[in-house]
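The two complexes that follow have chain A in common; it is paired with chain B in the first and with chain C in the second.
Up next, the complex of A and B:
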C-alpha cells in the first residue's frame, strides 16, 4: 500500500472511529452495559478474581451494540445509495473496509471507560485482591470482536436488520452457555462462571483468561479477514488474506484446545483443602469485647473485612450481661460446588467423589451452637445490603448468647433442619439484642423487613418470620427458624428504654434464656401486652393458618 | 457505425482526452450500448437522449464504475480495464451519478471531507481548503455544519455537485446534475461549469436541451444505445431546418406539436401545416426530430 493510500485509510479510520464512538447503538450500549455491570455486581462482595470476569460479562451488551453500529457504518454507502459514487473513487472498497475495521477501535474508549468506571467503583467499595489485566483486556477484545464481526456482516449484507440479526447470533452463545458442561462454555464469547465468587482467592486457569483473550483476538483476525475477502477484489491481496485467515484459524483452534485443558489436580486439590479445612487456610484472630472472647477466622485475602464483621458482634456482646462459657467463632466458609464441571472437567469421577467427601466434612456443614459461618463472596460492600447483613450477623451472635443454635447445617432432603424456638422468650431477646446492637432504626425494624410464612412444628401450624437477608445467603446455614410471635415481641421491646429491658434481663439472665421461659412471661415482666399474630387475607379477612406438610422440631436445648 | 469525433478535427482525434471504440453493454436481453464510438475533448459535452437510451450506462463506464462487454476505452491515455490505470483515472475523476443518496446524519462539511479522503486528499489542511472552495463554488458557504438531512432537495443537489468538484478533476462526469434545481440554481450551475478552471473534460447528461444550448459547445445524442448525433448544438438545431413551423391551428400530420407562450402552435414534421410560418429551429427541435426518426427506425 502506497503512502497516500495508507494515509487515506488512516484518515477514514479516524473518521469512522469517531462516528462509531458517537453512534446511537454504541452510546446506548455503553449505558446499558454500565447498568448491567452494576446489576451483576452490586449485590456481591467485590472480589477482583470474580469481578474482573463480571466486567467482561457486562461488556457483552456493548459488544452487541458495537456489532450493530459497525454493521450500519460499513453498509452505509450501499444503504444510502452512494455505492456507485464510492466506486468511482481511487480509494477501493477493500481500503474502505480496512478503514472500518480499524475504525472499530473507536469503540475501545467506551469499553475502557466501562472498565475504568467499574474498577473505580470496586476500589471505592474496597475490592479484595487485584484485577487480572488479561481478563480486563479480554473484555475489551470482546467489544472489538463484536465490532469486527459487524464490519464483516456489513460488508456482505447492507440491510440494517442484518446487524441486529448478527447481534442475536453473537448473543445466542451467551444465553446458551449454561446448556453445556465441561469446559465448553469457555469457548463461548463470554460466560459468567458461578464458582468465581466462591473461591477464597484467584485460581489460575479458572477461567482460562489468557487463552480466551487470544481466542477473541483470533476471532477478530478471522472476522477481519472475512470482511476484507468479501470486499477486496485484488488478487494480490488474496495470498495475504489466506495467510492471515489460516493464522487466525490456527490461533482459534489452538486457543480453544488450550481452554479445554483441565485445571491441574494440585490446584483444585488446594482449593478444596482451603474450603474443607478452613482452620489451616484461614488467619484467625481472637478479640475481646465486654469480657467475651470471639475468634474471627478469615481467608488471607479477606483480612480487611474484620472490622465490619466485628462491629455487629461486639454490639451484641456489649449488651449481653453475663459471661458465656462457650466461646463464639465467626468463620468464613466457601460454597464451592465441586459438581460444577467447568471446574472439574477432565478429572476422574473417583477424584471428584473424593473432593466432594472432603467438602462435605467442612465445619460449616456440621451443626453448631458456637460458630457462625459467613459465606465468602457474599458479604455486601455497603449500603442497605450491608446493614441487613450486619443485622443478620448480630442475630447470629445474639442467638449464640441466648443458647440457640447458630448453624444448623445443610438441609437433609427437602425438609429444613432448623429448629423453631416456639414460644421461647430467648428468641425475642435475641432479636431485640440484634436490633439494638446494630442500631437498626425502629422504622426499618418495624417496617417491611422480612416476611411471614407458615411452618409446621410438631404438627401445628406456626407463623414464622423470615428475617431480612435470611435468604440472601450471607451465611452457610441459618440459626433457628424465627417465629412471628418472637419478632413481634422483640419489636414491642424496642419501643421500651434499652436500660429497662437490660435491667430485667440482667437480673435473671439464665432464667430468661431458658427454653422454658415464655413470651407471655417476658411480656408480663416488661409490662407490655403480648402482641398477637393476625394473618389477613387480600379482602381483609382473618386467615387461620394450616400446617403445611412436614414438621420442624422445636429448639429444646 | 463509423467513429464520430466530437469537436473533431484529425489532430483533435490524436490528442483526444477520452476515446471510446466499439463500446457495447448488455443487461440480459437489453442492449444498453451498441458499438459506440466516441471521442471527447476538453470542454463541455452535453449528452441528450430519452430515458433508457444508454446515457447513464455510457457515463458509468466513463466513470469506471461499470465495465463494457466489448470495446475499448482510453481516458487520458489510460485503460480502465487495468487496475493501476483505473485508479489513475479515478484520481482525475469527478462523478455525479444520476440518483445520489445521502448520509443523512453527516454534516455538509463532514460529508465533503469524507469524500475528499476517498479522493486521496490526505492532507488535512488541503482538505479543509478544498471543502471550503467547493462549498463556495456551489454557493453553500456557511452550510458546513448543517446536517444533510436538514437540506432542501436543491441544496442537496448542489452538495452532490460540490463533491464532484473536489480535487479539481480533469474529467467531470455529471449525470443529470440539474435535476431538482430551480431556475436560478440552474443558471448558477451553468455559470459554475463555464468558469471551472483548468479546462477539464466535462460530460453532462441532461434532459434540458436549453442547458445544452446554453453551455455546451458539443452535443451527443444517444438513441437506443447508439450515437445518433455528435456535433455542435447549432448543427443539431440545423438538422431540424425546414421541419419546424408555427401556425394558428394544430396539424394532425405533425410528428409533434404544442401550443407555445404566444398561443401559436409549433409543429415539427415533414409537411408544413396550412397557413404556417417557417420557424427557426432550436436544439430541442433538432433533438425531438432526431428522437422521432430514431423511434421510427
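Up next, the complex of A and C:
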C-alpha cells in the first residue's frame, strides 16, 4: 500500500513538475532573469569570483515567478471550488501537497539552464578565475526555495493575490539590503555585494557561499514542513514533521550565525595589501615598443588582459617620434571600499581606520605624470565600452608622451583637481595621437542638439570636452581636463595625412610639447584654419558661456 | 394612472434600485483582497521606517510598497455572478464601477499613510524641503488606472475568471518597463524628467487608461433601452 501511495505521489509530482516548468510565470521569469543577468554583467570584466554570485542575483526574478507559479498550482483545487471532487480521489491532500513540493523540481531545469547559459557566455568572454560550484548551487536553491514557499502559501491561501504578496515579501530583502550597515544582508535570500568586482581574487568568506546555500536549503526544508503540516491530517506524520521542522529551524539558526561571523583579519589584511601596494602584489613585465619601455603591472589573475592593454599603448608609442626619459607604468588598481560593513563587520574601528589609511596612501591616489592606474573592476569585457576604454588608455599614454599629468589623484574638495591645458598645442597633439592609435570619438559642441560643459580657469569660462569614459571610472583618476578647442584642432589634424603631421612634430618635438606652444601656432604650422567653438542655443542665438564658481588650475610643465 | 415619461420612469427606477445595488456591491466587493494588498505594503513600509536609522526612506520605497495595493486593485473589477447581473435591468458597469468606487478611498488612504510614513523618517527641519510628491501621486494614479483598464479588458475575454491574476503581473511588467527601459523612464521618471513634465505624462496615461477601462466595462451585448410594455 505504501508503494502504491509513493507511486501515486511520484506520478502526480511528475505531472506537476511538467506543468510548472511550462507555466507562463516560470517561462516569463526565465526570460526576464536572463535579461537581468545580462544587464548586471555585460558592462564589466567577467570575473568568476564576482559573476558566479551575480548569476544567483539574476535568478531572483525566476525565484519570484516560481513562487507565484507554485502557489497558483497548489491552490488550483481550492480556487476552482473543486476541493470536494479532489477529496474523492484516492490521494489525500497531504499527498498532493507532497507531490507539489516534489514538483517544484520542475523549475530546476530552468534554473540550471540559466546557470549553464550564463557560465557558457562568461567562458566565451574569457572570464578570469574559476567558478565556485557552491555559489552556483546556491542560486539554484534560491529558485527552489521560492517554489517551496509558494507551495506553503498556496496550501493555506488559495487566492492568486497571496502568491503575489508572498513574492513581494520574498523580493523586499533583495531591494533593501543596502539599508543595513552590518552583516545582516547575508541573511537575506540574495544580495549583490558591491566589493566583489573590486577584489583582485576570490576572498574566502566574502560572501559566505556555503553557509548561505545551507541557509537556503534550511528554508526549503522549513517551508516544506509548513506546507505539509497545513495539509496533512494524519497524526503519525506529525512527529516526523516536528523533527524535520526542528532540524530545519536549527539549520537555519546555525547557518545564519555562521554568516554573521567576521572575515578573518589576515584575509582582509591581505586584500588591503594587494589593493594598496599594487607593485608588490602584481606581476610586472616591461615591454618595448618603438624604443620606449613600458612597464605593465597586473594582478596574477589578470595576466590574460595584457594584450588588450598593450594594444592602444603601443599604437600611441609607434607614433611618438622621440624617446622619452621617464618611463611609463600601466598598473592595475582596486577601488576597494573598506567602509563596506559586509566586508569589515566585527572588526574594531581602529583596525578599519588603519586599513583605510593604507588604501588612501596607495600609489593610485597620488598625482603622477608617468603612471596610469586601470581599475580592475571597471575595465569592460568588450563591445563599444571596451573601444571607449581603449581610447581612454591611448589618450593617457599620449598625455604621458606630451608631458601632461596621467593621474590627478582623488578630488580633495567639491572642485575637480584636474588641470586644464588651456590653449596648449600638446593637448591637441595628445588627442591626435590617441585618435590615430584607436579612433576619435564624436563630439558636438554646437547646434541645436549640442551639449557642452564649462570649466573656470583663472576666471575665464572654458568649454571642455568630457571624452567618453572620462567619468566611467576606468582609471583611478583621469588626466587633465581636455578642452573643446583641443578636440576640434585634433579633429582637423586627423583629416591631414599622418606623415605630414608626424613630420612637423618630429622636426621640433620639444617645442611643440612645451606648455607655451599654442593651438594657433600648431594650426598655422600645419596650414589649417584654427577651429573655434561656437555655441548656438535652441533659437539659433549665439551663447556666451559663463564661468562657474571656483577655478581649475592650468597645466604647467 | 399617471402617464410618466419613460426617462423619468427610468431615473426613478435607478434611484429605487440604488440601496439594493449598494448592498450587492458591498457584499461582492473583495474587501479582504483590497485590505490585504494595501495593508501588506504599508506594514512593510512601517517596518522599514522603524528600522530606517540614519538612512531615511525615499519615494522609491513608497513606489515599491504601493505595488501590493496595485496588485490587489487588479482583482477589484471582477464581478462575481456577472451573468446574473447581466440579466438585471441595470448596466453591468454599475457593479464594476461600484466596486472600484469603494476601493478608491482605501487606496487613497494607503497612499497618504505611506507618504506620511516616508516623511516621518526625516528630521523635522528637513520636512519642508522634501521633493514634491505630486509627480509620485500622479504616477501611482497612473499605475492604478492602468491596472483597472487591463483588468477590465481581461473581464471581457474568456479568461474573465483570471482577470486579476493576469492583470497584476502584466501591470508589474509594464511598471518595470517604465522604470528600467531608458526611453520610457526618461519621460516618466522624475528625475531625469522634470516634475511637471512627469506629472503631465502620467496624467495622460491615467486619462487614457480611464477611457479604456470605461469602454471595457460596458455591457457585452446590446442592452434594450426602450420602454418595456409588460
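Just so it is clear, the second predicted complex is superposed on the first by the 543 of 557 C-alpha atoms of A that agree within 3 Å, B and C clash if a C-alpha of one lies under 4 Å from a C-alpha of the other, contacts with A are read in each partner's own complex, and residues count from 1 in each chain.
The working rule: a residue touches a chain if its C-beta (ideal position, glycine included) is under 8 Å from a C-beta of that chain, and two chains touch if they have at least 3 such contacts.
Every value quoted in this text rests on a predicted model; they were computed, and no experiment measured them.
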For A:5, decide between first (touching chain B), second (touching chain C), both and neither. first
Between chain C and chain B, which one touches more residues of chain A when both complexes sit on the common chain A? B
If we overlay the two complexes on their shared chain A, which of chain B and chain C does A:81 touch? Say first, second, both or neither. first
Could you say whether A:510 touches chain B, chain C, both of them, or neither, answering first, second, both or neither? neither
Touching A:91 in the superposition: chain B (first), chain C (second), both, neither? first
In their shared complex, at which residues does chain A touch chain C? 25, 28, 68, 72, 159-162, 164-165, 168-169, 172, 175-176, 179, 181
For the complex, which residues does chain C have touching chain A? 32-33, 36-37, 40-41, 44, 48, 51-53, 55, 64, 67-68, 71-72, 75, 162, 164-165, 168-169, 173
Please give the residue numbers of chain A that touch chain B in the complex, ascending. 4-5, 7-8, 11-12, 15, 76, 80-82, 84-92, 96, 234
Help me check something: in the complex, which residues belonging to chain B touch chain A? 60, 63-65, 83, 87, 90-91, 93, 95-97, 99-104, 110, 113-115, 117-120, 122, 124, 163, 173
